[in-house]
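Consider the two complexes below, in which subunit A is the common component and subunit B and subunit C are the respective partners.
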Partner chain A sequence: MKPALKQFLPFVLVAAVAVGAQVALRLLEMEYCLTQLTMALYYAIVVLGLSLVMGYAGQVSLGHGAFFAIGGYTSAVLTTHDFSPFNATAWAQGLKQAHVFVSREDLYGHAVVSVSPWAAFVLAMLLTFLIAHLIGYPALRLKGQYLAMATLGFGLIVYRMVLGSTVTGAADGINGVPEWRLGFGLTVSGKSALRVENYYVACGLVLFWLVLLGNLVHSRVGRALQAIHDRETAANAMGINTASYKLKAFVLSALMAAMAGVFFTHYTAGIGPSEAGALKSIRYVALAAAGGMANLWGVLVVSTGLNYLSLRGLFGSYDHAVFGVILIAIISLAPEGPLKPLGLWIRKLAGRAFKSPAERRPEHGTA
Partner chain B sequence: MALLEVANVRRSFGGLVALDRVSFRVHPGQIKAVIGPNGAGKTTLFNIISGLLKSDTGEVFFKGRSITGLKPYQIARAGLSRTFQNPSLFLHMRVLENVMVGRHSRTRSEFLGCSLRWPGQPEEERSIRSAALAHLENVGLAHLAEVPAGSLAFGQRRMAELARALATGPELLLLDEPASGLNTKEKRDLGQRIRRIRDQGITILLVEHDMTVVMDLSDDILVLNNGVPIAEGPPAAVQNDPNVIRVYLGGEFKHVAASPEP
Partner chain C sequence: MDTGNLALQYLLSGITKGSIYAVVAIGFNLIYSATGILNFAQGEFVMLGGMVAVTLLHFAPLSVAVTGAVVIVALGGCLLEILLFRRLRNHSVLHLIIITIGLSIVIQETALHVWDEKVRSLPYFTGNEVSSLQIFGAAISPQVVWVLGTVAVAVVLLHVFLQYTLQGRAMRACSSNPEAAMLAGINIRNMRTLSFGLSAALGALAGCVISPITMTHYEMGAPLAIKGFAAAILGGLGNPMAAVVGGLLVGVIEAVSVSQLPAAYNDVAAFAVLLLMLFVRPNGLFGRPGGEMVREL
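And then the complex of A and B:
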């Protein structure tokens, strides 16, 4: 009983904080803030995935913005594109029978036939799975930071592609993405009437990944990833298929980014090319670093907090610069993230405050 | 049948021939030592056997099967484990976790099973932990299980690495200079420990500079010089081999032969 309690306590705490935030915002009549908080939570899923790749497996990805965009754009394109000209064809009829194609009205009241959000989600995941393998397989068979180079190039290509293609709406991106009925009476949608519901959907998704990643990092797989991070050669000699584990961790985190992208796109009813930009990818890296890398809770708190402030416009036109400064500061001042040294410092202060003068003296003597 | 057979292995780095025409066998239950002056190619030989380096020519057979060209993790799974000349623990992990990593190749839970805690995974996790703890107890480090591996002293690191290698459940254990950096008492303990490991049915191949340890422990010795084997046989024969005496300038071997360890 007791260990089980200890195990679930953090999650109960997070749930309490999530509910507390919502109730507080309602009481303060600031419930509109939930919109940015919801978006920040979706971004946090990307950063949690990066934490697995960077903090545990020790590989740097500079392309997670691109995976977010691949998820979002796949959903956006498929759910907004009108396939009604193909109505008469046998394959369109078949897809309609299979509920992959659905008829609906677009923003202007025209009847359109497009891919259902669930089917688009599955396709987005499959596409991401494939692309992540194509990028990761060659880069991760080598030792060293080849993944950073490969993903940086990949991100730039994706950015140029969504910016240059009419299918993805070029510089305007795609809007008018329909709501996504998840089932169980839940809908991912930006309607203000569904704001609270969507906040909890995002919380639920974050909690889902927290539980899964928490289990993962405290298991055989998590130890293998940390071993690879520490000493790849020794890890291999101890029986770990290092290339395969690095690849699996990378693909999993790419899938997390793409999944966040799909939810985000349905929530905001659209997606633009800036989501695929290199600056977004670097921002995710900065947030993972600021959260302490191999620290899921730290990454969640720091990432949600800073992205929320950014989305509220607090950093104004210095938005990207702020995250750049954070990254530089972390790397040069606190490579393990600021939370650990901060925690130690607070504990030291607290310890000093609660110590009696008699206990304090010898410490001063040695110092 | 030999447990390990190295057949005519050659390896060069650029123009330097590190190993040439190296052939020998290790039989089950043996403690075999590879000795030779610095730069003789001993560690290169170990790296080739354990798959960290590829040989230019020649083959390595383990349990009658060729392991030439296999990846280190595949060789570890086949039942061949090793330690390193410089203890290479995972310094950011706890001591117990280091040894738990050793159980990797003998357990199977993967990404899906571990993240979802599939039936069987928690049990496997417990079995990994208890096995690792038992291996730590065997090397006398159980009291340091929860300490970060980076905070261990040098001799303790060697022992933790030995526990980790044993946790992989090997049939053949390669020890790369296990006694270097240890004090006299630690060396004596090490000798007993290695013998006990052998008595549990694990065959041992070791590289060692400390002649007292080598002569005391080994059933069979292979002497390398400049990458080429110059003698092979039981300690007494090797000690009196004129080639070996010439390579070692006579001194050390005569000394050991004249005054055996009490």
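And then the complex of A and C:
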């Protein structure tokens, strides 16, 4: 196989699976399932970001739910808050000229002036960038369990702030977030007519990050991160600026989580404080671990699959229990993610079927 | 009531809560020292202790029910190690930690289905809801004395066990250097089982004594695990006695912040202090920076 082709094959495969899933669901007249699948894909972006931090940079963050919430809440607050009392002021007029402020009708048909989704998105990203640096700079000097605690504490503080302040709607969260016209005729919105379109928007976003991360981890940066993961002191001795690399990986994954949060908020037209909860953050870490951490494909499959099952509520009141059992089963039986053993197994079967010794690869001792 | 008494009242309530965090933190430390695992199911032991004791109370007097609950949960902890963690020899510590998170979810959901979502509690060990003791002008429930007394006795016994008995010394040897301990003829695997059993027993005991005050609920474990983890980190991992200080500190900060801040923010102060402390002392209050070995794996 040509190297270029081989490099692109997984991405083509993912695209094919995505399209295949949609077509199959349409044929089965189960397109309503796409809603949960779209949400699961957004969550998967958070977990993919964590896989960069955990699997490649070797750091654990129990605060990514908070970044998801920071993204989601920033855009929810800005796009729903009514700025019309400031209409007459010069800065409000200026922002309107710059298309940062837009006039629209809210759920009850009142004319309101609020920040446009694109501007809110940019602001959310900037805020996340800032906060991720503020928390990441001191926190990443901590080792292992201490870092886990620091990020967990950060997440809990964000959760309590969101729960406690009236700006973020306290325990009710924020509803009535408007749709987001992305341009190119695409709109992020929860309307059932746009269900298929939004599914592909989510797929596109996931694919974008997969390509980016896939390239990143095979670059100089990726190898540096891998070295930090294996032995930080040794990496340092080799001249890798470990602190800077760790911080960059952390900030990038925080931005991914926040971006997923913004899309998710526009898609579900709202966000609640539970998104920032410690359990959400812990869940992301667990999913990244179950997917094999340094294995983007495994992480994608496991997190989308498990989140989808949870969101559809297939197991009813046993949902959490089943999630826990699956988690324990995957990690105890296949610590490197379920895809690796599966791939080896398929390769073995294929090798046996075609009897081509050239294609057969030496098997490493993975169970 | 004047401000001095009020402050004392908050302090006492903080110490009561903090003593439970301390017990959870000790549990974290015991297992961490012996195995390197942070057991996030530690809070579930507390919940199970309370639940089992409440159930046993239908058949037996209080003292028997509490003892029974502690023994049952301790056996459960040992079984967990024997059936699960002992078999996962090739897994990294991070994987094992994630498994404890999974366990925490499974135990919690199992408790929901075995018992139900109702809040239960053991009766007050002495007196009842309205009886109170006066201490320097602050009023406390007799159960608080039970909590503090039980935790204090447990901590002292644990200290004696770790410092002066053969088994305890063997356990400490395992945590400081497993390979050397093995060469000295210590059965490391049994020590690991023992650490799980001890942690579970301590957690269950705490779950019983606190049950009349805070009630027992299937969801109480996870928040306790988080606070206990915070306490263990605050004190510095690997040192059970530092965990006591950490637990009490977290409890007192929490009690003070509850009196000063709106209720919705009640954990913010405790975790903000923790974060600041970590940034100043990255290895906890009493922890020393560990050297790192670089060698061929």
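FYI, the second predicted complex is superposed on the first by the 308 of 367 C-alpha atoms of A that agree within 3 Å, B and C clash if a C-alpha of one lies under 4 Å from a C-alpha of the other, contacts with A are read in each partner's own complex, and residues count from 1 in each chain.
What we mean here is this: a residue touches a chain if its C-beta (ideal position, glycine included) is under 8 Å from a C-beta of that chain, and two chains touch if they have at least 3 such contacts.
Everything quoted here is computed from the prediction, not taken from an experiment.
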Which of subunit B and subunit C A:V60 touches, first, second, both or neither: second
Which of subunit B and subunit C A:A278 touches, first, second, both or neither: second
Partner chain in contact with A:A289 - subunit B first, subunit C second, else both or neither: second
Touching partner for A:A234 - first (subunit B), second (subunit C), both, neither: both
Which partner, subunit B or subunit C, touches more subunit A residues: C
Which superposed partner A:N175 touches (first subunit B, second subunit C, both, neither): neither
Partner chain(s) touched by A:G222 [first = subunit B, second = subunit C, both, neither]: first
First, second, both or neither for A:K143, with subunit B first and subunit C second: second
Touched partner set for A:F154, first subunit B, second subunit C, both or neither: second
Subunit A residues contacted in one complex by subunit B, in the other by subunit C: 231, 233-234, 237
Contact footprint of subunit A on subunit C as seen in their complex: 32, 38, 40, 84, 87-88, 90-92, 94-95, 98-99, 101-106, 108-110, 112-113, 222, 226, 229-230, 233, 237, 262, 264-268, 271-272, 274-275, 278-279, 282-284, 292, 294
Contacting residues of subunit A [partner subunit B, same complex]: 212-213, 215-216, 219-224, 226-227, 229-231, 233-242, 248, 252
For the subunit A and subunit C complex, residues of the former touching the latter: 54, 60, 138-139, 141-143, 145-146, 148-150, 152-154, 156-157, 160-161, 163-164, 170, 231-234, 237, 278-279, 282, 285-286, 289-290, 317-318, 320-321, 323-325, 327-328, 331-332, 335
Subunit B to subunit A touching residues, read off their complex: 50-52, 71-73, 76-77, 81-82, 84, 88-93, 97, 100-107, 109-111, 114-117, 121, 124-125, 128, 164-165, 168
